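Two complexes come next, and they have one chain in common, chain A, joined by chain B in the first and chain C in the second.
Take a look at the complex of A and B:
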């Protein structure tokens, strides 16, 4: 299995996301081939401030992927995923906009044609990888491990075609396949973590993150599993400021690695702000 | 100050904001918004005000800057209005009008800076840039910064693109296109008040599709 891969700017600095993704890909024989010379997608910042650059940034990434022969782009960040997909959708339906964007991309001899599928790595693992192919690598018994699946916002919203907008289940399914227990009735699974507003509106965002953590604590989870660098950072770094017991927040790739019997060192669990104490 | 009528026209025509004519004022958006408690007006009120033409007040409200792009309202809106996109449009209009805005715009500038410079960013570069203009926030975040540094999670300088000159050429060309679009809009705005504009007002009286 080989995919065009857009790591995005936060992949490198996120707590062990890159290391754990690379490690589980080796185990599963999945190749995430980095799109060469990718740029920042622009995210909500460019949607909020620039008319045309907001499209040109993601379009350049997609044009590079097309030129490099990929038919799909796999993302590991919700914001990257939604930005690429949003741009792709608008460009496909607005010929005038597409002409303008391609006029700019022409400066680097690039061209966006709109031939790509925009995807998220978690969904790829669940939908493309047969369950038995995943299960045969599970070496550690996680049957007592209760994991709260936190999806965040920009994966299923606004589209709701990959999974349910209110009660998504894809990561729940992944957790089950890994032999662990997804937390039942985790109401906060699609609550907003505050995203980039954490920088300028910290106090308001702490309140949102309290709900995400509190729900997991009350219902008995031992860990929260995330699939976006910003979600992970916000929920993890809000700990200790919300008057709740510490709740470790890991990436789904780290959970996969734990089930596969990879060491905490390999998965860079030491990079988490809230330590995962349970010896798995 | 640009007149409310011109602003409404820019919002409705250039940014296709006339979609909000479909709004039935049910308040589902405001009810599902995680930041509604901190907004000057909820999204429902903002759309009512925009329809009524109170555009300068709409652009001055902190509402548009509190929108976090969670799309909660969009998936719940019974009229399927792309609320988040309209918030983006209103933010861009507020910038164009030079309306003094809350801290989020400083954050967006801090975000865009390394992107323009290197084609990529690091979280630390964004935080550092924001911190320069907001020393109090920087101070509040200092302990967190130290914890991240101890875990070797701070990298200030992003890895620049291989073809940075090519990327910059694309961005320069894009700016040129953005500029032309703005000039066209300004030209159109001078037409406001002339008979051709009557269309918008007729639509206002009989909004299409309102129950």
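Take a look at the complex of A and C:
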């Protein structure tokens, strides 16, 4: 299985996201083929300026993917996923803008035509892989490992076509397939982590992240599983002074790696700010 | 009977300045006087007035006119007026044609020159058409004085009482085992805080005891045929498995019954038994067995009710019956049901135990409800704070875009009850406060003085994510306080969702049976939103109460009385004249393909298997022309809109 892959700017620096994703892909025999010469998507901050360049950035990524023969772009970041989808939707509906954007892309002989599917890697794992193919690789018993599935706010809103906007279940399903227990009544599933505001409005964001952690703590989770580098960073780094017990925040690919029996070292669990202490 | 030479009088109305302000009426009447067969053409300030009509009448008499054209407003306004004027002079009213030069011309055309030309064209079209008119006669039908009322809630009961008191017979059909409707579920009613049961029970009893009302409960209408004054109704009487004549309502059977079922009347808050009445003051007080949940019907065991019934009223082999009745008019009063907020997942209904809908909260407050009227959480404690969220499902383009009209008032009523019964803090989250009725604004003031916290802002979520450990077990209501400019997170013990109103389930079947329609929100379409709120485009079918649109109890009662008035008015006329513009099928040309039957909205066409042709029931036919246009063999003529008339009008309009 081969997919066009857009890593985004945070893939490299995130706490073991790249290492765990690559490891898991090797086990499952999935090829995430990086789009050559990709650029930053602009994410939420740049997109919100409504500047012409803010549209060109994501359009260029999609144009490159098209030119390189891909029919889908797989993301591992909520903001990248959301921005690409927003750009795709906007360009599909605004003919004039599309012409202007293609004029800019034309400088590099690129063209955006809107023929791609924009996807998130978690959804690819759950929907494209038959359940038993995943279960075949599960070597470790995680049956009493309670995992709080944290989706973040941008994955399913506003579209709600991949999963429910308020109570998504795809990652819950993945956790079950790995033999672990998803926290069934986790209310903070889609609460916002503050994203880039963590930098400029740290105090307000710490309050937001505290809720995400507190709900997991109160309801008995042992770890939070997430699917976005910024979510992981915010929830992970905001702990420590919030008066709550430590709640490690790992990527879903690291959870998969743990289930597959890969070592913590291989999954770069040592990069986590809030350490995962559970002996797995 | 057709006159051999048409002699047409043309009258162009100024309509004050509505027409003459844009159209040069002199030019139009002059132009008309030169058209073929036009004997006389005049213009006048107000044709619909007495002097205006007198002009027409005098000209008919003096000049021997046999056709009249009036160029003025829409036929919907005054066609009847002028037809009547013609009739008084002895010429057939269908020899009249109106040219609409107001709604179709002066009111919608900017340029006076164009408007005048258009008026000339329209008059020319009417003159051309009217020469082909045939003299038609209206049919007259008798009116049966019985009335069918579908729905035994407050509107239906009120209508029934008024008609019955007027000496006419009423069949009141209600699908639940008891009459009373939604009002029987309430505790107090706004703004007077009258006890709902106290004011409605006398009505229930009066209905049950009235000689002229035949109360048919646990029944449903399954077929309606016929036409105004002459409806034939089939009613399905569902088996109660209890003999109504023998049952004393003692209730021992319900006490002994081992089978528990979730109570519909309590909206899921408690259980009832398989043999039950919905509430203690039910009318009739006859028990009913819910066969789907009865152990005898499911497993052929038990029969405890039969064993303990001292009146021997249990009849397990009772059968469904179809009862046929004849009525002259029908009043639909099927009421409302509340919006189910489970689809608004952010509010946690169905997920958090202490989130209730307003109708559930009514049951909690009602003395016959699950907590005997006390406001308690499911752990049996009084709440210290309660949130009431307005507009759940209403004013929401994702669900119901309209305002449900009663929720602000009942929400404030709840606030009062919470204060009174528990002393808890009440937080009302609203978008606007709508309190238009008598005493309603004063009620709002009272609630403010009672210390209710009114927070203007839509609630974004009800969540169990708490910030402080003190709030363990409570719910957080997150809302934007738009007046303070802040986001609020308020911990509460109980949340009441003020859900909106929607039409009762099954209303689509009722309207299909009687041949009327629903609007885009599912409420019944009334004849005219301002001037005809209780009638429908189908003669003899009236509406009352919430089925026409959400409203409070005073308005439902008023509409019930109004619909009774409509029905009684119809009955006292004794006879009804039916429009002569109907379809007629030529049996020589009809080949029995039945396509006309398929396209008739009013079910006015039926197939005659003996002659192998289709036939139109002229009494039901509305003259819409659908069949006429559909017939592949041109076997159908629509009277007053036949091919000659239409083509003549078209030619008149186009060729000047």
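Observations
Just so we're on the same page, the second predicted complex is superposed on the first by the 279 of 280 C-alpha atoms of A that agree within 3 Å, B and C clash if a C-alpha of one lies under 4 Å from a C-alpha of the other, contacts with A are read in each partner's own complex, and residues count from 1 in each chain.
Definition applied: contacts are C-beta pairs under 8 Å (C-beta built on N, C-alpha and C of every residue); 3 or more make two chains touch, one makes a residue touch a chain.
Keep in mind it's a predicted model, so treat the numbers as computed, not measured.
Using the contact criterion defined above for the overlaid structures, shared-chain residue A:141 touches neither chain B nor chain C, since it reaches no partner.
In the superposition on chain A, A:37 makes contact with chain B only, while chain C stays out of contact range. By the document's definition of touching, of the two partners only chain B reaches A:9; chain C does not. In the superposition on chain A, A:187 contacts chain C only, with no contact to chain B.
In the superposed model, B is the one of chain B and chain C that contacts more residues of chain A.
By the touch criterion defined above, A:89 lies against neither chain B nor chain C after alignment on the C-alpha atoms of chain A. Look at A:49: by the touch rule set out above, it reaches chain B but stays clear of chain C.
Once both structures are placed on chain A, chain A residues 191 are touched by chain B and, in the other complex, by chain C. Considering their complex, residues 345-346, 463-467, 472 of chain C touch chain A. Interface residues of chain B, counted against chain A in their complex, comprise 34-35, 38, 66, 68-72, 74-75, 82, 84, 88, 91-92, 95, 102-109, 111-112, 114-115, 119-124, 126-127, 130, 134, 137, 140-141, 144, 147-148, 151-155, 158, 161-163, 166-167, 169-175, 177-178, 181.
Against chain B, the residues of chain A that register as touching in their complex are 9-10, 12-13, 15, 36-37, 39-40, 42-53, 56-57, 60, 100, 103-108, 110, 153-154, 157-158, 160, 165, 191-192, 194-197, 199-202, 204, 208, 233, 237, 270-271, 273. Taken together, the chain A residues at the contact with chain C in this complex read 164, 166-167, 185, 187-188, 191, 207, 210-211, 214-215, 218.
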